[in-house]
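Chain naming follows the written order as A, B, C and D, and within any one chain the residues start at number 1.
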């Protein structure tokens, strides 16, 4: 069992840290808002008074933070946490941030002899609690192998996408594609319904045909077609529109930098921005179905 | 075994008719271009000199024609074939046409006491030869049940989508969604590759994540990722760009009629039109990957 | 002064016919719905009991009908009006229809030695009443020259776009571009307002800069920026969303036939379809501004 | 006549500085690449060895830099130029940068009692040389009034868009709308040409109709329609595709921050990214016409 520092115990970070405790690790946790540490400490972690204290002597330092600038501020610019780390510590940043921020962190760490992997997650709060997250990891092979057992204490699938930043990149490619086929599914279902088809029958036919995709299979956006999905629970839970917008923003910023076209991604972005504007920020992203649904 | 009239024995119709012969049916075939009848007659069918002759005494009349106006011209307006049919004959129109044309046919037939199903196919020439087509059928339950065994002689999956026209409608919904996730997949792969990811690794990750879709699973558009798919054969074979454009045109005409939004479908339409314009009409539609690929 | 037959005296046709009466012409009018003839007869026209009667002995036959199939039905297929016309009669079809329908009419007329121009209008009911319509005309030079004085009795600008069908084509190109810059203007204004700009100031700046366009100049979509425009009258009057959708449908059908890409036109189409679906069919098309406006 | 510091004398900055010299100002110029100072010094300016030296005793400090991070680095973070400025100096930043960067600069300057206006330009190198630039200015009214005479030495139109950052914001709104109506114009012209219209005739008709916009009026993208425009000079000169992409990137980043939908802007972005990728980065942006033009 390892000594693990954990920085950032919000909605996602807390259950992840608790799963590490449950797996037998010695977890020292820090958060800017100390009250967030409560459930983690109750589960058996130790509270740290500063990021540096959380990182002291840690074999692994896990961070789960809201944005790339905050990650850079913590490790490099303001808190300068990298300067305090031992070269024995493996940094595992699970935040979803721009690949560029992840590369900056890896470069700055490398200059200090410290290894880093970027390991953004998918699976949401539900997956974090259940320990069934997916981790998409960027970094050197050896660092990936070292991180893997720890990640498996928090998740089910652990992928190695490539060098530093590749975890972030693969995640935003996946989520851009997810946005596209979710909207595509919603508009195809609506077109069918508008022309007299039963959404269940149409879903079943497309599932067994070339229209098949994850949105149809496990996340049907049309209310009443599938049990247990957000569409059948008033679009509560799931993956919030605001978070999809965050990921689409990262994807299109990357596309701009590499002059990648991404026309469907750009369109998806504008539709989810409008959907968020219309008041759906905290609802599941499959609620885009309702956008197509209005009756005059 | 049944007496079957078969009208239209082009690329698709000929192998379909031959599979009916092989299944033991007594097939009488007609085509405007008599030379197309040769392979069908060699396989054991009888050549008819007119549509009416093909239909005479038939238990089933199958048609496989290039467009809705041609279907209406044959059955209703010019050739007035419906007027010559017995009420015992079940019309099975396998052409891909507008749902409106299919409904017009069903209405005109119904006025004469004749049953019709619309039964457009997917699976291409390969599926027609192999007898593995998918049929998506619109029409009354009894007519569907009567048509099903015959369709199973030509295909593997037979779906009942709903009332007359519903087969056409469900097919174009499916193919619009297919166009969307194919482009979405291609642009996500390109975004990844432009940012240093290996397209195989990225495909593998997305396949096991929420980006999963039919294009990734069985039809990866990025050359060299998957064996045996059009992308690995210079985009030859498969489902031609020009045919995807035909189906998108039908889908968006239907969307216009029902005031369905279909923003992704509209964008897909414009991209496939440009792709066709650029010289890709006869290549497989997954070649849209090459559209994103150009280097300055 | 000429003898003029006039078929179709609805919202647009009636004031056009009345302007011909006012100009001194001898107008014989017909409509499927005889009650529509009242105001035209009161203004001095003669009522005809059939299209043929309206056309009898006419130097000009003007038609103003709702769709291409209806135009073809009247002149060619059902009513076969062309068969009854003298070769002395110049047909001026002012309906907005597909270029293909206009060409079919011109071809059928040409076979009978009859000249036709397609002369779709813009300017709406207001322009029809005021006699300030714009006519965009397709047909041979001589026919155009012959039609021009009559068109000038009903409008202010008369353009010759080219051969038969070119009037329709130029009109739908123009209206597609109009849809695009209206939406572009609305979204640019919204982006500015969302970021603290005053829509009047921003409009003024863009008007004097490279963003300038007709929508900004004479039809500002942001409420309160410009006096007298639909945006300042709750989007009443003007050019209805449903009519814009009709024209976009014609434009994109033409684009599909000629494999023209029109990506902005396709996107505009999907947005106006959604806008119509949301209940704005009868409001002015600049109300698309409200689509961008919603607050969560 | 005033003492003016000028930082950044590249393609745009150099002719702007020279116009200030010509207007009689005492200009002290600095650039990271000293060789760029030559033409400015030849015109009568003094070379400075550092930004601080350029700013010393200046009544106005003009900067023309390539990006927001560089502007912030110069004034705030690295060079900390603000700390060296007198409160008598008015900072006029003519760089095109994110409104957020402009606001950061204004805030940091305000804390030190220094006034700043953001004054991005349009008009390109040609306008900079000819002194006909347009300046769109953000900042307080008094600062704007103080800057105006100096700006009029370099340009023709000077607009006050609002508070700090509003100059940047108004510029990117304008340029997003420009991108949209340029593409809209190009695709409308192509649709017409594909259907037999003469691009000159169609342009003339749309110019006098509701399709009218700046692209049609003074910048027609179709080769051979208008003299002297980039389209008639192989798309050389003008406003480069790469610069349009820079502005669209800023516009959509702002849209993401304010949850503004901008669907046309997003589509324009993806098309110009593809166009740049295809090798057109340094050509005028009206060359997007060629994107639609390809023949199979």
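Throughout what follows, a contact is a pair of C-beta atoms (placed from the backbone, for glycine too) under 8 Å apart; a residue touches a chain by one contact, two chains touch by 3 or more.
Owing to the predicted nature of the structure, the values given are computational and were not obtained by experimental measurement.
Graph distance from chain B to chain D, where chains that touch are one step apart, equals 1. In this assembly, the chain whose C-alpha centre lies farthest from chain D is B.
Chain A and chain C have centres, each the mean of its CA atoms, that are 51 Å apart. Distance between chain centres (mean CA atoms), chain A to chain D: 37 Å. Taking each chain's centre as the average of its CA atoms, chain C and chain D sit 39 Å apart. Shared interface positions of chain D, i.e. residues touching 2 or more other chains, are given as 255, 259-263, 265, 267, 271, 274, 276-277, 292.
Of all residues in chain D, those touching chain B in their complex are 263, 267, 274, 276-281, 291-292, 294-296. Chain A meets chain B in the complex at residues 99, 122, 134, 136, 157, 159-163, 165-166, 169-170, 173-178, 180-181, 183-185, 187-192, 194-198, 201-202, 204-206, 208-214, 217, 219, 251, 254-255, 258-265, 267-268, 271, 292. Chain A makes touch with chain D in their complex at residues 245, 249, 252-253, 255-256, 259-263, 265-267, 269-271, 273-274, 276-277.
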